[in-house]
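Two complexes follow with subunit A in common, the first pairing it with subunit B and the second with subunit C.
Showing the complex of A and B:
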C-alpha cells in the first residue's frame, strides 16, 4: 500500500462520513416509522427524492435560491409522507402488515413513475451552497458543499431529537412506540401519532433528499431505489427502532461505501456494502443497538 | 398469432416467478430475492446452452439446481432474522446478484464469435430455440408443460402433509414449533424450492428473449414476484396465475394505449387493491397468517382479549 493510495483512502473516508449523514437521515426515517408502527414503509426513500423533485420546481421554475429550495423539499416530502400514510397505512388492517408493506411498494413504484413522467427520465441539476469553498488539511481537501450537507443533517437530527425528547408530541410518540395499548389508555390517539410520525419522518427525508441532490449535483429518478436500499441497510445495521444506531450506521455505510469505491471501483462498490449487511446479519442480527422494539 | 403466443410465454414465465414467491410466502416469509434467483437461472442456463453447447433440458435443470443451492445458502443467515429484517436482507441479496452479473465478463469463442455475459452490455445471442428450429408453438407448449407441472406439484404439495406444515409455520410459528416442527428446516426448504422455481422461470426467460442484462433483474422484478401471489391471495396456486393474467394481459396489454401513464397506474392499483382487498383477489387466506410481523404487545393484547 503506497502513500497515495493511503491518502485516497483517508480522503474517501472523510467524504464518506460527511455524505453518510444523509444515509443516517434516511435510516432514521425507516427506523422511526418501524419503532412507532412496527411496519416497514418502503415508499420512504422515493418520498424523500420526491420532495427534492418538488423543490426543483421552485428552483428551476421560480428561480429560488438554494436555501429556500431545500426548505420546499422538506415541506414537499412532509406532504408526500402524509399521503403515503393515508393511502398505504391508515386503512390497511393492523392484523395484516403484509398489505401495508405491499401497498407501500406500490406507492414506491407510483412515486418513481410520476418522477420519470414529469422529468422525462432525464437527470436535473440541483443547487448546492458553498460548493467553491474547501478546507485543506495537508493532502486531504474537504469540499465545502459536503460540510454544508453534514451540518444540515446534524442540525436536522438535533431538531428531531429535541422533538422526541423535549416536547409533549415526542413523549406521546415514544409512548406509542413502547406500549401502544398503555399509551391509548393514557388518552393518546395512536392514529394521530402515526400520522404525525409520517409527516416528521417525511420532512426529515425531504432534507435528506435535498442534501443528496446538493452533494451529488444532479437529481435522477434512478436515485430512489438505491436510496431506499441504503436507508434500509442503515436501519438494519443500526438495529431497527434505534435512532443512535441509525446515525452511527449511516456514517459507517457512507465511509465503507467510499473506501470500497477507492479499493474496488464504482461498479463493485455496492456489492461490498451489501455484503457488510450480511456480515451484520450473521454476527449481530439485532444490529448495533438492539432496541426493545426489534426483539420479536 | 405470434403476438398471442408471445403473451402466453410471458404469462408462463411470470407465473413461475410468482409461484417461486408463493411457496416462500406460505411460510410467512417475504422474500425480495426472487429476482436474484431468477437472474442466476437466466445467466447459468444461457451459459450452458450457448457457451458449452448443452441441450436445453439439462441446462435448465442445472441452472435451477444452482439457483436452489444459492437460495438454500442465503436462507440460513437470512432466516436467522425474522419478518421485516428478512425483507431487507433478501432485498440486499437480490441487488448483490444483479451487481455481480453487472461485473461478470466471461466470453468464449464458439463458431467464430465471442459469446457469453459481457458485464453492463448483458448476455446476447442466447439463440438455442431458433438455432434448433423450434417454432413459437413449440416454445409456448414447452413453457406451459413446465408451468403446469410446477402448478400441479405445488397444488399436490398444498394438499399433502408438507403443505399443512408450511401453512402451520405461516399461521403461528410458536404453535408450529410446539408441535415439533423444525422452523429453520421448513423455512429453508421453502426458500430452496422457491429458488428452484425461480431458476426455472429465469432459464426459460433467457431463452425466449435471447438477450438478458442486469437491469432486468432489478428491485422492480422482485416486487412483481411478490406482488403476484399477494394480489392473487395465498389460498390457492390459481390466485398467482390469476394475478399474472390480470397484470400482464389487462394492465400491460389492454392499457397499452395509455403510454407511460400505465406504469403509474400499476403502482396506484397495487395501493388500491391492498386497501380494498388486503387478503388478495381470491379472498381470505388462513386467518392469523403473518402473525410474526405483529408486535409482541399487540399479540399480548389479543391474547388478553381472548
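Showing the complex of A and C:
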C-alpha cells in the first residue's frame, strides 16, 4: 500500500466520521419512533430532506443567513413529522402494523414527488458556515464546514438525550416504549407521547437534512430515498430501538462509505455499504446493541 | 364508589365475564375471589378499560366510565397493580414513581410543570412513598434489577403515586413468603387508613379472609356469592366451586 493511498484512506475515514453524524441523527429518528411505537416510519428520511427544502424558502426567497435557515429546516421537519403522524399513524389500527408501514411508504413517495416538482428536479445551492476554515494535521486537512456539521449533530444528540433522560416527558416516552399498558394506567396518554416523538424526531431530522445540505453545498431532489436507505441501515446495524447503537452505527457507516469510496470509487460505494448491512443481518441480526424492544 | 352493572365480556363464544353486578363502597377493602379462569382478571381489566366491554356498565362515583379511555381513568382516581409485575424496568425506582405521578396539580400548572420537572410537593410525596414501601435506599437502582418482593412493593408504590382514591390489586400476594404476606396485609390496612378503597383480587385465602370487609366470588364468569368473609366461608356453593378447584390445583401441583 503506497503512502498517498494510505493518506487518502485516513482522510476519507476522518471526513466520513464527521459526516456520519448526520446519518446517526437519521438513524436515531428511525430507531426512536420504532422504540416507542414498535412501527417503522419509512417517511422519516423524506421528511428530514423536506425540512431542508422548506428552509430553502428562507434562504433563497428571503435571503436569510445560514444559521436561521438551519433553524427553519428543523422547525419545518418537526411540522412535517406531525403531519406524517397524523396522516399515517394516528388512525391506523394498532393491531395492523403493516397499515401504518404502507401509509408511511406512500408518504415517502408523496414528499419525494413534492420535492421533485417544486425544485423542477434541479439541485439547489445550500448554505454552510465555516466553509473557508480548515484544520491541517500533517497531510490530513479537515474542512471547517464538516466540523460545524459534526458539532451541530453532536449538540442535537446531546439535547435529545437530555430530553429523554432528564425530563419527565422523556422518561414518560421511555416508559411507553417499555410497558405501554402500564403507562396508560399511569395516566400517560400514548397518543400524546407518540405525537411528541414524531415532532421531536422530526426536528432532529430537520437538523440532519440541513447538515447534509451544508456539508454537500447543494440540496439534490434525489436525496430522499438514499437518505432513507442510509438511515434504515444505520438503525438496523445499531439495533432497532437502541439510540447508542444508532450513534455508533452512523459513524461507522459514514466512515465505511468514505473508505469504500477511496478504495473502489463512487460507483461501487453503496454496494459495499449494503454488504456491510448484509454481514450484520447474518452475523448479528439484533444489531450492535440488543435493544430493549427486541428482547421480547 | 365502584359499581358494576350487569357487566359482560365474551371472547368469541367464551363468556369470560357474564352479567356480573357488584358494588364497592367507599373505604371498603373488597375481595374478589374465585378459581383459576373464573374471570377475576378479566373483570379487573374491564374496570381499567384495557379492552371494551361486551355489555353492561362500569360506574365510578356515580359516573358512567364504560367508554372512558384507560389513561383518563387514572385522573378519575383508579390505579392498579398487575398479577405479573409490569414495571418500567429500564427506569430507576425513583423515575418509576416520578413518571406515574402525573398529578392533578401538575395538570393545572401547565405543560412545563407536567412534562419537564413536576412540582416540589410531588417530590416530597415520592420520598414519602419510598419510605412507605421501604425502598428509599434503592431509589437509583433500575427497577428491573430489584428483587421480586421489592418489585411488588414498587409496583404498589407506583400505583399510589397518582394518589388514587380507588386501588385495584391483582393478586398482590402471588409468590410471597409468609413474612412478606404479613407485611403486605399491614400495608393494605395502612392504605385504608389513608382513605383509599381497595379491590383485592386474590388466590391466597388467608389474606382475603383476614383483611377484607366484603367478598364476591366468581365462578365460570358468574358471581355465585357475595357477603362478609364469615358468610362466604359458610357458603356451600363457594366451598364446592372454590375449595373443589383448590383441591384439584393441589393435586395438580403434587402430581
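Miscellaneous remarks
One rule holds for everything that comes next: the second predicted complex is superposed on the first by the 294 of 296 C-alpha atoms of A that agree within 3 Å, B and C clash if a C-alpha of one lies under 4 Å from a C-alpha of the other, contacts with A are read in each partner's own complex, and residues count from 1 in each chain.
As a convention for this text, a residue touches a chain if its C-beta (ideal position, glycine included) is under 8 Å from a C-beta of that chain, and two chains touch if they have at least 3 such contacts.
This one's a predicted model, so the numbers in the text were calculated from it and none came from an experiment.
Applying the stated contact rule after C-alpha superposition, one finds that A:139 touches neither subunit B nor subunit C. Once the two complexes are overlaid on the shared chain, A:185 sits against subunit C while remaining clear of subunit B.
Contacts of A:108 after superposition: subunit B is touched, whereas subunit C is not reached. More residues of subunit A lie in touch with B than with the remaining chain of the pair subunit B and subunit C.
With both structures placed on the common chain, the touch criterion links A:175 to subunit C but leaves subunit B unconnected. When the shared chain is aligned, subunit B comes close enough to touch A:282, but subunit C does not.
Once the two complexes are laid over each other on the shared chain, residue contacts for A:167 go to subunit C alone; subunit B is not touched.
When the two complexes are laid over each other on chain A, subunit A has residues 179, 181 in contact with both subunit B and subunit C.
If you check the complex, the residues on subunit A that touch subunit B are 34, 38-40, 87-88, 91-103, 105-114, 116-117, 179-181, 225, 228-229, 232-233, 235-236, 240, 267-268, 270-271, 274-275, 277-278, 281-282, 285, 293-296. Residue ranges on subunit A touching subunit C, taken from their complex, read 167-169, 171-172, 174-175, 178-179, 181-190, 292.
Remark: subunit C residues 48, 50, 69-75, 79-80, 82, 86-91, 95, 98-100, 102, 114-118, 158-159, 161-162 touch subunit A in the complex. Listed in rising order, the residues of subunit B touching subunit A in the complex are 30, 77-78, 80-82, 84-85, 87-89, 91-93, 95-96, 99-100, 102-103, 119-120, 218-220, 223, 226-227, 230-231, 260-261, 263-264, 266-271, 274-275, 278-279, 288-290, 292-298, 301.
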